[in-house]
Amino acid sequence: MTRLRWGMVGGGPGAFIGAVHRRATGLTEQYELVAGAFSGDAERSRAFGQTLGIAADRSYGSWEAMLEGELALPEHLRIQGVSIVTPNHMHYPVARAFAQASIPVVCDKPLVHTSEQAADLLRIVAGTGSLFAVTYNYTGYPMVRQARDLVRGGVLGEVRKVQVLYNQGWLSTRLEGQGNPQADWRTDPRRSGIAGAMGDIGSHAENLIATVTGLTLEAVCADLTTFVPGRALDDDASLLLRFQGGARGLLAVSQIACGLENDLSLQVFGTRGSLRWQQETPNHLDVFPLEGPQQRWTRGNSALSPSAQAASHVPSGHPEGFTEAFANLYRGVAETLLAQQEGRTPDPQIAQFPTLEDGARGVHFIEKTVESASSTQKWTHARWEGN
Amino acid sequence: MTRLRWGMVGGGPGAFIGAVHRRATGLTEQYELVAGAFSGDAERSRAFGQTLGIAADRSYGSWEAMLEGELALPEHLRIQGVSIVTPNHMHYPVARAFAQASIPVVCDKPLVHTSEQAADLLRIVAGTGSLFAVTYNYTGYPMVRQARDLVRGGVLGEVRKVQVLYNQGWLSTRLEGQGNPQADWRTDPRRSGIAGAMGDIGSHAENLIATVTGLTLEAVCADLTTFVPGRALDDDASLLLRFQGGARGLLAVSQIACGLENDLSLQVFGTRGSLRWQQETPNHLDVFPLEGPQQRWTRGNSALSPSAQAASHVPSGHPEGFTEAFANLYRGVAETLLAQQEGRTPDPQIAQFPTLEDGARGVHFIEKTVESASSTQKWTHARWEGN
Amino acid sequence: MTRLRWGMVGGGPGAFIGAVHRRATGLTEQYELVAGAFSGDAERSRAFGQTLGIAADRSYGSWEAMLEGELALPEHLRIQGVSIVTPNHMHYPVARAFAQASIPVVCDKPLVHTSEQAADLLRIVAGTGSLFAVTYNYTGYPMVRQARDLVRGGVLGEVRKVQVLYNQGWLSTRLEGQGNPQADWRTDPRRSGIAGAMGDIGSHAENLIATVTGLTLEAVCADLTTFVPGRALDDDASLLLRFQGGARGLLAVSQIACGLENDLSLQVFGTRGSLRWQQETPNHLDVFPLEGPQQRWTRGNSALSPSAQAASHVPSGHPEGFTEAFANLYRGVAETLLAQQEGRTPDPQIAQFPTLEDGARGVHFIEKTVESASSTQKWTHARWEGN
Amino acid sequence: MTRLRWGMVGGGPGAFIGAVHRRATGLTEQYELVAGAFSGDAERSRAFGQTLGIAADRSYGSWEAMLEGELALPEHLRIQGVSIVTPNHMHYPVARAFAQASIPVVCDKPLVHTSEQAADLLRIVAGTGSLFAVTYNYTGYPMVRQARDLVRGGVLGEVRKVQVLYNQGWLSTRLEGQGNPQADWRTDPRRSGIAGAMGDIGSHAENLIATVTGLTLEAVCADLTTFVPGRALDDDASLLLRFQGGARGLLAVSQIACGLENDLSLQVFGTRGSLRWQQETPNHLDVFPLEGPQQRWTRGNSALSPSAQAASHVPSGHPEGFTEAFANLYRGVAETLLAQQEGRTPDPQIAQFPTLEDGARGVHFIEKTVESASSTQKWTHARWEGN
């Protein structure tokens, strides 16, 4: 096994998510970062690349230069994939260009700004067949995989109701325009897209529901609010959901939940049992059967599903966290790419990651939520018909 | 101090809430149960009354007989108040009759079936001036009082969002018609009213929001569902709320949350802090300030508000539960009645209980929720204009 | 069913535990308090008795007067039992006198000051055959009964280790001599006995171990400390325990655990599983099997043992607390006495309470702990040989 | 900034702790693994090294070969430090040789088998002045650093009592001799040393107490037990502790706590407040002041101490786990070595790691515990007098 030569667009000094992506690949021991366009300033990009051990001639001043430079290299030196960790508005042009060049892409979420852009990417990737992953990182947690495997395996019976709440407090005050780059771009429609909290964390909530339950969303009823005066995008949202087959849902996100941190929780109520998972204590999953004692499944337990076990890397009771969930997506990507290289079938318990379809459906969901928010009708049709 | 002579309508053998009311009065040491109409069968009522130490001639076979019998007694022997713990459909006629006779009433929730009935009671009580309490028992918890005092005292700043979730699983299967009287009457529109889960526990959720925040509800958007085949009323509901002044809310109740017990939780997000209270661990209240560490306030702590302290009866760390919260409502009633008798001002920290207005507003809320559920419009005006 | 006519010695105004006993009997609906010696001042006793609805001539100025007065009454009016809720030093003379008069006794813990006194009581009660209960109230919690039934039923296999920690912080500063009567007598050797924290809460810890596991203690190794300057008795203790058959134990109590409330926890490790119970969240019991998910058993669940179910009075998820556990002991006493009266076999799932033997063994345990604390030898033999 | 060229002794296929060390260095982005003696079989070592991207000529078949090979390289290629992740018995010879060669060492715990060996290492390192870290990894958790900074900063007042419990269940059955290499060497006195559970996890417990409180241990009273038949070393231990100045302690470890995972908890009771930290939920720290609400400090909060903040790498609410705590020790080592290289003062908030002195004191503690366990005297003097 050799390591994958990898590149990164975005993620320069001070960026939050770029560093997470890098540490996540560091955890896998399967990637070697060899190229990057960390900054629009070539000198700054080079200096930053140097701190990461990247050769000066492979730290580029733009993603265009990087794409050109890498394609000019012989194949055995060229990057074997790229992570796109820029603000949202850059996802589309960068992803488009690398995908067209058949370079595997790992793109942060939400995928792009519009369904048209998403459809374009779907077309391109359908043509090239190259890998495209979207880092809905919460699905990388072992206990989320266990939740999915329990639900899809029918252990809870038929799903009746799903509830995802995602409350953060970091935007409770007007942080934007105060020197916080995270707050700046996430509340700026040009960079963030048509939604604020909904785009940033609502997209995670939608993906969590879809991943765990496999339900098809039919309609949404949304109330979006901007609480902080002067803010250009929603900082709070509450949604009622209806799914194909009659299941109901509740999805609420907030970034003005003062003092709360990253309080993402999932509940699924089925005909034979329920489950609850909370991101801030991610190493366990509570299951409530119709009768008898409640169950607490813990990461690392030998009774977990194969994919939950495959996503666990230290023994139970030794907590794994956010970055390790992220790493599991990268492990899924690496398993897929390495199997390809090695001409073998990838291990299906490892080769798991959110796909371009997940990303496109997420974009559609945000659009429908915003549409519903401005409608006086209760229900807005929200089924994603695919590409 | 002498004990209040008290009566009870309903609450015979096998009844859940009647026994709770009795044990709650037992905890207060302020009541003596001296009369009751425990059953429509006079003999059965008498036999049951005997187990409670009630004289045979004061265990009646109907509430009408009880009212007549008690009014025939000299005032110093007659009951000084009555608890109505029947299924919902009996609340109105019984409450009406006792209230008209100027006998103080403690009535279980939801108050009555219709706003017209509620308005009628309001008119009667406005005339007689006699006490009327509605046992929204969750407001009797010391830490709910603390939450209310923090919010209303401005400690959290301006309230932006309120979230109440109330999930139970006991009606996950078709329990009605199987010999469970609780399930039977609660799913029967004639006895329960126009709503099932919404009436039974949604009314608690509404009252909790109103009590803690004091916000005026403007509009609701409701999705009511009946999941269990053959059931006549809703067993699940999700609501979006809008309040006067711009606050938003989320209210969801379910009785098909398989395996969950009595999972009522409250979150309030303000401009300066948030709070969270969970009924299943009622002795603490978590407060999340804008900055610095989270706080866990615990029952019995000397830093609590006066009314939270007055509602606490054993030292901190010695859990008080559901029945003790119930007892606090009865203590509030007793303090009010005894102060009246003794010609003194009641202690305002003790003389607290949900009123007839709370009950009437709750009935209106249920009506508006059901109206919204069948509307294609997103928002249904839901402000209660009072009597 | 009629109610038991009951008396109380101690428990006057301001007393903590007397009020708990009364509210506990109020919860059972099986007792009527008809007599009391609440204070050494006859007038004060009478005034206090009046607030409880007790006839003036049955509120006595001393326990001697009460015993004499009650014995002078015809049997159908006389008390059918007495609760002794005085400071510790009064337990012995009062219990002795009432037991000798064949009046059933419910005595607070720790039973008495010395093993000689305990042996004397055992002899007397062996002679009269009258009921004698000691209120180790934590054994009244339904989930403690479930723990006992699991352990004794062999579900955890053979017990290897037991760990009971009981940490309180209320005596972190020199509260005694500052007008706090609870602190005053509990730190006064004449009233409290030879141990402070060990007597007050260490006795609960010992009883919890014995009740749940049934293990026979062989030897103790104790370190007792007085941290607060000027205090006359221990306010902290740590013990190693050895049991017959090879099990090991750890028992630690503290009343200087600053900021902690009533943090009593129990862990039992067996060959096939472990369990954990925490008094501050008493409605659940965590069980850890050798393999598979952890289990959370909750009060009210239909899969609990019969005695755990019998000790539960509201549905699961509606928390029961400290006073309700207390009430369960009184229910056990009432079931025993009423069955006697009615000439029937008491229901063994209900007729459960700590006995005089529990009390005597507890006194012996405290003596051995104090002996060990002043010994340079590691192990002090501590097996209780019974009466 | 360049990355440190690093080597590893031990940690071949199937090893638990070696992989943790590698992933931890991967998280830091400060290390490049360039050499290793992963196995005593040269071919196996080479094959394993290859999966890690290590050149074939730097994957050695023995640590001696590795030391010789690396020293033969020019300084700018040679490893700049080594991690020793072998079973315990190999720590001493390997550490000794590399330290003598002035190569910085990161050694797993417990340091060595005997105090004589520890003293020898202390002498050598005193001579060379090269860095020597011991991976008591739990001290790398941000909230442990916060606990330490609170205690040492006097926020809790004077420490009265410390309690560390460390319960695992993985050795509840006779796992050794069944093909589990972890179980095999940890229960084998030749490889593990004179203690089993005490050496493996008791050493962590001692270090946690010393790190957080800074107290000097005076005496121990230990009860060591081997519960699993046929096992050669203790699998359970309970200790009473006495510290200089009068503080008391309780330390218990078990590897037969059936079903428990890695349940390490710390409590410190001071004159002005207490704290509690639990390893399985490592991102928060509960503080209990003498009065007012409890506090929950969370990782990433801007009110934490500088060193707690420096050890945190994603925002609050995004859990960091076991491997990230490990990485913080490596960050401390890297900061120290890089500052040395760059001729600057290391940042004291980052340059933190357990030292050789910590390791030596830990060895002494294990020896004294074993000595106490076989003594009939209650107290065994256990103060470590240093080198």
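Just so it is clear, A, B, C and D label the chains in written order, and each chain counts residues from 1 on its own.
Heads up, the rule we're going with is that contacts are C-beta pairs under 8 Å (C-beta built on N, C-alpha and C of every residue); 3 or more make two chains touch, one makes a residue touch a chain.
Computed from a predicted model, the values in this text were never measured in an experiment.
Trainee: In terms of C-beta pairs in contact, which of A-D and A-C ranks higher?
Mentor: Top pair by contacting C-beta pairs is A-D.
Trainee: Using C-alpha centroids, which chain lies at the maximum separation from subunit B?
Mentor: Most distant chain from subunit B: D.
Trainee: Provide the C-alpha centroid distance between subunit A and subunit C, rounded to the nearest whole angstrom.
Mentor: Each chain's C-alpha centroid was found; their separation is 55 Å.
Trainee: Taking each chain's centre as the mean of its CA atoms, how far is subunit A from subunit B in angstrom?
Mentor: 43
Trainee: Distance-wise, how many Å sit between the C-alpha centres of subunit A and subunit D, to the nearest whole number?
Mentor: So the centroids are 34 Å from each other.
Trainee: Can you list the subunit B residues in contact with two or more other chains?
Mentor: In subunit B, 260, 287, 294, 298 touch at least two other chains.
Trainee: Considering the complex alone, what residue numbers of subunit B touch subunit D?
Mentor: Within the complex, subunit B touches subunit D at residues 286-287, 291-298, 301-303.
Trainee: So in the complex, which bits of subunit D are touching subunit A?
Mentor: The touching residues are 1-3, 16, 19-20, 22-23, 26-29, 32, 50-53, 168, 170, 260-263, 279-283, 298, 300, 313-324.
Trainee: Tell me, which parts of subunit B touch subunit A in their complex?
Mentor: Where subunit B meets subunit A, its residues are 156-157, 160-161, 163, 165, 167, 169, 172-173, 221, 223, 225, 227, 236, 238, 240, 242, 246, 248-250, 252, 254, 256-260, 267, 269-274, 287-290, 294, 375-379.
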